[in-house]
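Structure first, commentary second.
Going by the order they are written in, the chains are A, B, C and D; count residues from 1 in each one.
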């Protein structure tokens, strides 16, 4: 088991190192002639107006919120799903109840009109 | 092999850093991150004890606790951040000391 | 020092440094990114503890959801909290003192606890099975009740958070 | 014979034996082999992407009735290599006020997040990556790293379009992760394990037969996770200029490009592994190299369907996309999960034909209900009907910039 994680760790390191190395090589190969106009922030060819910190809609946060709750609930079902072949019908119904509660949350969110992209 | 104390020291230090964040940060989101760090420290502790003392006897209480902590962390992040955003919209501040409407 | 110990120390240092940076960095956004690094480190610690399920769940839930939610709210509330100026309370000296006292107290209290020196016995093959945890989760004798309660807790959190954060636009209904 | 049937383990054994005969300790040999394997896979995947880009452009060209790349080499096959040479020597332009570390880390992380998926995939019976017990969850988890990369890119570039694009991209990716995570419970349930090897080994009957609706939901979410047409709002040119990667140039932009194409192919690979039986096929158990070929054929098929969708469907509007996810796919995924769990439990174990029939029937019923619900829902919402010629450029001109910032 430790070997599997060792391979995974090596793979993660290399997956980070290989692109990083390529970037460094490209950085050495490429010309460097910066000037003010070239380096200015791109805004469809116009002069940049204001800071990049614009106001965002709360809608993004709301989607993130709903996602978080659903994600956590579903992830908790994975151990059950692994044991699925061993559990009784009662155990299955328990998981279904679990999901039904989740569905209740979805229903509430839907009725409240949260999911409308306004 | 790593002795249990190493994990406990790590989790203790992480807890202290989280506590520090809760106590000194002005920004409420910073405070929330501190709380998440504290919960993470608790998780390390729980899993370390589970692994070292109970794993081989088929006792899953430690893991169940970790699951509950995950759920609590998620719920706390969701509600806490919602409150911060709501306070920001009403009072235009997220400094914890300035949100004091509940004061009598 | 075995390679495992060496690896543990590196991870622990990464976690602690990034957690500390989370606390002391001035820019909120950088703070959130350091926080992500600390969470990833904790996932590695879980993997070292042979709790593979929790290592992955840590990445999935904390990095993939909670951290992103925090980053979202940093962006949303950005205008109120300019990154210039002090980010810490005026009472930070007292706070530091409290934290140090807690540390010393904890150290003194647990210094001579015999459990500390425990070494793990090798995890038996059948306990790698995540299904075992799944069985325990729905066993009415064991954790069926807490399991369902977590679901209700999450539902309550969803409803509460939406109720607090969501405002219907005027003019609609 | 054993070399032809199963070359890679053969080479591995040979390498191990050689290195052990040099007197190296076995741990070091293992580590070296792991590093070699991982290096081969990461570099191989990235080089393979150049061919992928060529294939995609060529097929896309054919779909849209144009020749596609046809200048460099026969059928333009070296076009991407020429592009790559160019992009390697292009100047890096770092915008003013960019946050250096996140800005440079983002492309690397974007590629790494896609590459990590290859660490756990089984390619044939004997050639597989890390067989951790939680492979499936790992696949989903590294997707989260991709989201972090996008946020880093948007935040690091110090550009409001990049930031806006990053936010929209992350909102889309997050949303479509929900039905995906729910639906992936079904293969786990049917297998009884989260390890990728076990999931493939359990697919004597591919899961697409047992759970077609789940497969369809998963396929849709995969396309959305790629951010490709019809879900290409991530780089919607008309609204966001180019999305989170506007400020990148040279190889840094190239890496986002590579990540995009590699992600598309990897998704096809994941779908083939989880729902089409992976390397399973006639004779694949005895001759593992055949399994590799089967996997390649299945992946190519899925990839082709993805391309066909990409080059023939128009883009969704953002509200339509969100509605499709939250009001159609997520409830459908929840109900599919519940009915599959209960029906599969009620049906007697062991009788395969009955099980397939029962599950198929349930899926068809689910699909009909979903279809009916969808069409009746669409009827209820009045849609604005365009009547007469639209006033062009009069009303829209003032509105357009405001919308861009606010959406």
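Please note the rule applied: a contact is a pair of C-beta atoms (placed from the backbone, for glycine too) under 8 Å apart; a residue touches a chain by one contact, two chains touch by 3 or more.
Computed from a predicted structure; not experimentally measured.
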Legend entry - Comparison of C-D and B-C by number of C-beta pairs in contact, larger one: B-C
Legend entry - Chain ID, smallest distance between chain and overall C-alpha centroids: A
Inset, instruction - Please work out the Cα centroid separation of subunit C and subunit D, and write it as a whole number of Å. - result: 28
Legend entry - Inter-centroid spacing, subunit D versus subunit B (mean Cα positions, whole Å): 33
Legend entry - Intercentroid distance (Cα basis), subunit C paired with subunit B, Å: 6
Legend entry - Separation of mean Cα positions, subunit D and subunit A [Å, integer]: 13
Inset, instruction - Enumerate the residues of subunit B that touch no fewer than two other chains. - result: 67, 70-71, 74-75, 77-78, 81-82, 85, 89
Legend entry - Shared interface positions of subunit C, touching two or more other chains: 50, 52-53, 57, 60-61, 64-66, 68-69, 72-73, 75-76, 79, 123, 128-133, 137, 150, 154, 157-158, 161-162, 165, 167
Inset, instruction - List, in ascending order, every residue of subunit D touching at least 2 other chains. - result: 132, 137, 163, 167, 170, 174, 177, 192-194
Legend entry - Touching pairs - complete list by chain label: A-B, A-C, A-D, B-C, C-D
Inset, instruction - Report the residues of subunit D in contact with subunit A in the complex, numbered from low to high. - result: 30-31, 34-35, 37-39, 41-43, 46, 87-97, 104, 107-109, 111-112, 115-116, 118-120, 129-132, 137, 157-164, 167, 170-171, 174-175, 177-178, 181-182, 185, 188-190, 192-194, 241, 246-247, 250-252, 255, 318-319, 322-323, 326-327, 330-331, 334, 337-338, 341-342, 345-346, 405-407
Legend entry - Sites on subunit A touched by subunit B in the complex: 58, 61, 65, 68-69, 72, 76
Legend entry - Touching residues on subunit A, where the partner in the complex is subunit D: 3-8, 10-12, 14-16, 18-20, 22-23, 25-27, 29-34, 36, 38-44, 50, 52-54, 56-57, 59-60, 63-64, 66-67, 70-71, 74-75, 77-78, 81-86, 89, 92-93, 95-96, 99-100, 102-103, 106, 109-110, 115-117
Inset, instruction - In the complex, go through subunit B and note every residue touching subunit C. - result: 1-8, 10, 12-14, 16-21, 23-27, 29-30, 32-34, 36-37, 40, 43-44, 47-48, 50-53, 55-56, 58, 60, 63-64, 66-68, 70-79, 81-86, 88-89, 92-95, 97
Inset, instruction - Sort out for me which residues of subunit C touch subunit D in the complex. - result: 29, 33, 36, 52-53, 55-57, 59-60, 63-65, 67-68, 71-72, 75, 128-131
